[in-house]
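First subunit A sits with subunit B, and in the next complex the same chain sits with subunit C.
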Partner chain A sequence: MIEKGRISALQMSLLIYANIVSSAILTVPGITYKYAGRDMWLSPIWGSLSGFFVVFIVYQLNKLYPMETLIQYIQHILGQIPGKIVGFFYLFFYLYAGGTALRQYGDFLVGAFFNRTPILIVIASLALASTFAVRAGLEVLARLSDMFVPLMILLWIMIVLLLIPELDVKNMFPIMENGIKPSIMGAVSPAAWYTIFFHISTLFPFLIDRKQGMKWSMFTVLAVLVTLLITNLATLLLFGGITGSFVFPFMSAARYISYADFFENLESVIMAIWIGGTFIKMGLYNYVLVLNTAQWLNLSDYKPLVLPFWMLLTLVGIWTAPNLPELAHSLSVTGPIISHTYFIVIPVILLLIAVLRNRMRQKAGKP
Partner chain B sequence: MNKQKVENQEDPLSSDLNQNIHVLRSIYENCSDLVFRPFVIGGKTKAFLIYIEGLCNIEEMNASVLSPLMDESAAKYDTLNELLENKITVSKAKEVKTSTECINYLSIGSPLLLLENESIGFAFGLAKWEKRSVEEPTAETVIRGPREGFTESLGVNTSLLRRKIRSPKLKMNPMSIGRYTQTEVIVAFMDGIMDPTLFEEVTKRLKRIDIAGILESGYIEELIEDNPFSPFPQILSTERPDVAVSSLLEGRVVILVDGTPFALIAPTTLYSLLQSSEDYYQRFLIGTAIRWLRFVFVLISLLLPSLYVAVSTFHHEMVPTTLLLSMASSREQVPFPAVIEALVMEITFEALREAGIRLPKQVGAAVSIVGALVIGQAAVQAGIISAPMVMVVAITGIASFTLPRYTAGIALRMLRFPIMILAGTLGLLGVMLGLIFIVIHLCALRSFGVPYLSPMAPMKFRDMKDVLIRAPLWMLNTRPHLTGKFNKYRQAPHQKPDPSQGD
Partner chain C sequence: MKKLFLVLVVLLNPLFLVGCWDRIEINDIAVVTGLGIDQKNEKTIELTAEMYIPKALGGGGGGSGGGGGPQTYVRIGEGNTIADAISNLQEKIPREVFWGQTKVIVIGEKLAKEGIRVTLDFLTRHTEPRLRAHVFVAKGKAKDVLALHPPLERSPSEVLRELAKMKILMDVTLMNLLQMLSGDAQAAAIPMVHILPPQKGMEPLQTIAYINQTAIFRKDKMVGQISDKLTRGVLWFRNEIKLSNITIKPKEGKGYVSSTLLRANSQLIPKIEGGKWRITLKAVTEDDVIVNGSNLNLMNPKFIQMLEKDLEKEIEHRLTQTLEKVQKEMKVDILGFSEEFQRKYPKEWKKVKKNWDEIFPSVEVTYDIKAFIRRPGMSTTPQGLPEDEVKQK
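Let's look at the complex of A and B:
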């Protein structure tokens, strides 16, 4: 096996959690408010269904091929050549997703803090950091998440706690004024975030405690759900009807905090969460991309791929969209469709084929 | 090379005394400190007493070897063994049969007795040389705790360990390293507590060393550590026997080196570099608070100048308005950008620190007076440096000295400079990136198989009670897990004191 490191199920959870939450807490409140309005806090709940479903599908696939990642078992399920072709599309999508995540990070930082820094520097530097982490191996990546994610969670909790005095419960009433439909519409975009859980398909073969894997993954979906629910609720209760006018409502909420004329301007805390979280996120994306490419090419080591992919990711990050509105548009319109296709539809088809093949083989074996 | 030397000198002693003396004289050619003392035992047998001047106890040698043997009554004993049994009043006497053995014993200070018509000689354990007495360690002082420290002589150091751990489970494995110095090195460990593979790994790495000489344990540290390019110390060095003993009892290995008071402890983690022995000697709440103070000051010593540079150059909006105004007004006079100001001040501070260590004590006062002028009010009044920068540099300097281990503090101080440059170019993003790169490095670092950041990364919740806090002694029931198998429990459970206990 290319990767010799082993990680625990908890470390896998932290990696995935950081991957989703770091960007979701910033963008999800704004997007969900656009569709769901006052019911925006319900949307993460509906969206989480796709998270649970993805975990279930990936777990079933992993049960059939326990020691392999998707790129490897796809060739067993579909046959060598079709498997390679579909695998290539997956790799291309990983590259696109990684580049887009980088671009989002770059756009946010340049827009909110570093107005005069070229976006290339912002993107390339973080991609380089994640490259170093990936080069050091999966265990190091997992340890990095051990270091950063608890801090991120603590900072997030701090901001939510400090917001409490400003919250007004009346902002969330009436609940479901227009029925359940708006909140479900709002759930489409968060659901795309939940499908990122698909990356456990790459991590599952490297777990020390594989039996815990399913339990921890489900638990992580729940943790993401709670985090997004509270974030949405906090922004809604703080801003009420004007939530939609902010691009990054949670950051604006943090800016709102001021205690004793000293404890203020906490948006830098958000920036710290964002940079640290995106670093972990890019580390995982980069790792999944590099490892799966090495497996696709049947290489014995993935380290030679690390630097080339640094450049590719940076370039895709620049090319993925001409500007922020275009990026936001493509993320909210095509994003959910693409990620649901790759992370739910195709895996379900794969699972069905795999199960049918097994049945047929058993039948053929019986008489 | 070593092997060749051994082959040349592996020749046994002959029964001809003059031949033996000739061999020794030719080996120790041009060595004026070697003394050959010819004498006659009981008036009939010719003999030689050979020793190295200053390495053995002359009075004792005169009283228990020379004078009884030169006495008339010694004549009635014929063989060497009879003489030994009846005349020589030295408790430790070893037979030597080859000239290699002779050299080994001579070099550790044992006087050698060679007789006519005997192909064996005797080495007496009368070594004695000038050594420093056991004193309070100067680099690791405590308010409460034992005041004894290791010394330069290995025998004293092992006895300090043995006096604290009386159990025979304390094993000490000798080794000699260095082609010429043949420095004695002792690997001490607790049998049954330590993972045996750790001991194997340590001895394997020690045996790989083949250099001319070991002058300090730093030589060994540099040749057996995991990542030679890391700025962080991957092996703990200590002068305190109590620190060494507590590490032994946690299943670590202690390497004692002759000629230096610094013992090495492996494996070690970043967090053990942030702990002082005194944390355990005072009340646990205070120990915990002081640990957290150190965590805060580690971050300050690494990041404060960079944060100041980043915020005052790029992120004015993050500073409260009144503070921003006072910062701006004090910076008005200063001709340099903040990053240059910070670099100049920090480098000056480092120079002062270095000068303060190396200079003779009489000149030290002059340095501190001049230093106070350079990084102080005078620099501000001259309009070269702003007043907040002086404060930042001073706080950073103090912060880096709150770390109980000097080597860890110096690593953080060195890493401060690249982050300052990053802060001056990329602002807070640069600071975050610098921090991320340092954490990547720390996460990838291992010390003898133990991840450097454990138990925080990878998380071991059970071991965090001795890192995030200093849990009370009656809660520290389990040892930290290092590698492989380990002896989990170090004490009996339920020892929390309570008036109702023990009727």
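Let's look at the complex of A and C:
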């Protein structure tokens, strides 16, 4: 096995939580409002079904092949050559998703703070930082998330609490004015974020307490759900009808906070959450990418791959979209379709084939 | 060796905090505290920036607070569009203009009548200005308001911000304004400021602008204004009333009694019955007596009850006056009726959304006001009145 380190189920949860929440709290409120309007806070609830389902599927697959990642057991399930081919597509998708996440980070930072700084510098420097973490191994990455995620959560709670006096509950009524459909449409995009839970398929083999894995993962889906729901609700109750007119509503909300004329301009807090979270996020993406590539190529170590993939990720980050509207469009329309294909549809097919194969083998074994 | 290296790493860390291409030093920026926008003539927009003058290396900063010269200065940029005007403004300022501390936005009356949407779009699209900035309409020109040298606060915009925060009349932030304009009612209200004539013997600029009216907008164009008294009526409807003194003339005990509002809560309850649209204003208010100009002994519960009834009637009377002007005459829904109907009757609302302007004036309003007078202040009987003239019962 390439990775010698072991992490706990809780550490895995923190890694995944940071991965999803750091970008979702900024982008999801705007996208969900576009479709769901006043019911935007319901959307994360429907979207979470994707999360629960992904965790369930990955857990079942892992039960069949406990010590292997997807790239490895896909070859047992489909046979070596088809397995390698599908595996390649997965690697390519990981690269695309990682690059897009990087671009989202870059567009936020450049759009809201560093207007004149080239996006290449912003993207490349964060990706580089995360490659250092990845080179140090999974255990180091997990410890970093131990350190950053509680801080992120604390800062997020602070923002929400400080917003409370500005909120107007009236903004959420009437609930479900046009039925349940808009809120489900709004759930499509957050559902894509929930499918990121698929990365536990790479982490499961390295858990010390694998029995807890399922429980913790489900619990994390719930934690993400609560975070997104409260974020959406806070933005909606503050902005009401104009929520959709901001690119990053939650940041605009944080900027609105002001106490006693000096405790204000809290967007730096959002920036801290976002950078800390994206660092963990890119660390995980990077790690999943290089580890799986090493497994795909049957290498004995993944470290030589880290730097080349830093450049690839940066490049994909630049290439993925020409401008912010294009990026937002791909996140809300094409993104959900691709990620559901890779993270739900194909794994379900794999699971079915694996179960059938096992049955057939058992029958063949006992004539 | 290893320790030395670690120390070096820590020392080099700040190098990463410079902000790349967006690095800027605090002494290279001009902090704009107030922004005025005027329509100079048909084509030209005038942008007035009120900027803070950082004191040159002063001793401790405490000394020069009250006296001394003005602490802000203004520069004016002109252009066909707001973007042109900004470029023009920047030409006249040796430091980079920084909008992040712009807490007050004053719109000139003429521009307000032409339409303010484009201005607002600039202010929210730019990354620096805050949604929390307070918005005002100036009677006359915004640049005259920002050029004043107020005797008390450090700049005219600070005066306006403090006045707005007290919530005596309207207090509208950029976010509130955007919400009003994007709502279905297509109406907005913004506090309107006048320049107070300076005291005798003072320099002509040594005065302030203060809020005493409210500008009413249909869509993004100003259509008129209402007085301070009527504005308080609007605040009652919007459940934003915070400060209000009401004087009543009770039937008994010749003279006036004034009370001050401690807290109030109002609620609009919509109802559609047989095609008739109705609103009930339900309000509860608690007051204290501040002046007793009558000869009533206010420790008598009977009189307090009587005063409460009179107070309710007086509030209702004021609200009717407001309605007369806003609902019947101006026909602009700044009272929040449309939102209430939309919340309670979403289906009916959708049908009339387009012609709300026609329905709004015909909405029937009823009142359900409860006033409580809690305390007579620090005095019981009318002060300075012989005991036999006090009406005890």
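We adopt the following convention: the second predicted complex is superposed on the first by the 367 of 367 C-alpha atoms of A that agree within 3 Å, B and C clash if a C-alpha of one lies under 4 Å from a C-alpha of the other, contacts with A are read in each partner's own complex, and residues count from 1 in each chain.
Criterion: a residue touches a chain if its C-beta (ideal position, glycine included) is under 8 Å from a C-beta of that chain, and two chains touch if they have at least 3 such contacts.
Just so you know, these numbers come straight off a predicted model, no measurement behind them.
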Fit or clash between subunit C and subunit B when superposed on subunit A: clash
Which superposed partner A:53 touches (first subunit B, second subunit C, both, neither): neither
Touching partner for A:8 - first (subunit B), second (subunit C), both, neither: first
Partner chain in contact with A:204 - subunit B first, subunit C second, else both or neither: neither
Residue contacts on subunit A - larger count, subunit B or subunit C: B
Which superposed partner A:245 touches (first subunit B, second subunit C, both, neither): second
Partner chain(s) touched by A:122 [first = subunit B, second = subunit C, both, neither]: both
First (subunit B), second (subunit C), both or neither touched by A:193: neither
Partner chain in contact with A:265 - subunit B first, subunit C second, else both or neither: both
Partner chain in contact with A:114 - subunit B first, subunit C second, else both or neither: both
Contacts of A:216 with subunit B and subunit C, given as first, second, both or neither: neither
Clash with subunit B, by subunit C stretch, listed 7-15, 79-87 or 169-177: 7-15
Subunit A residues contacted in one complex by subunit B, in the other by subunit C: 113-114, 117, 121-122, 264-265
Touch list for subunit B against partner subunit A, complex: 314-315, 317-320, 322, 426-429, 432-433, 436-437, 439-440, 443-444, 451, 453, 456-459
Partner subunit B, residues of subunit A touching it in the complex: 8, 10-11, 109, 113-114, 117, 121-122, 125-126, 129, 132-133, 136-137, 139-140, 142-144, 146-148, 261-262, 264-265, 267-268, 271-272, 275-276, 279
For the subunit C and subunit A complex, residues of the former touching the latter: 19-22, 100, 124, 127, 130-132, 175, 178-179, 182-183, 339, 342-344, 346
Subunit C-touching residues of subunit A, taken from the complex the two chains share: 111-118, 121-122, 170, 173-174, 177, 238-242, 245-246, 252, 255-256, 258, 264-265
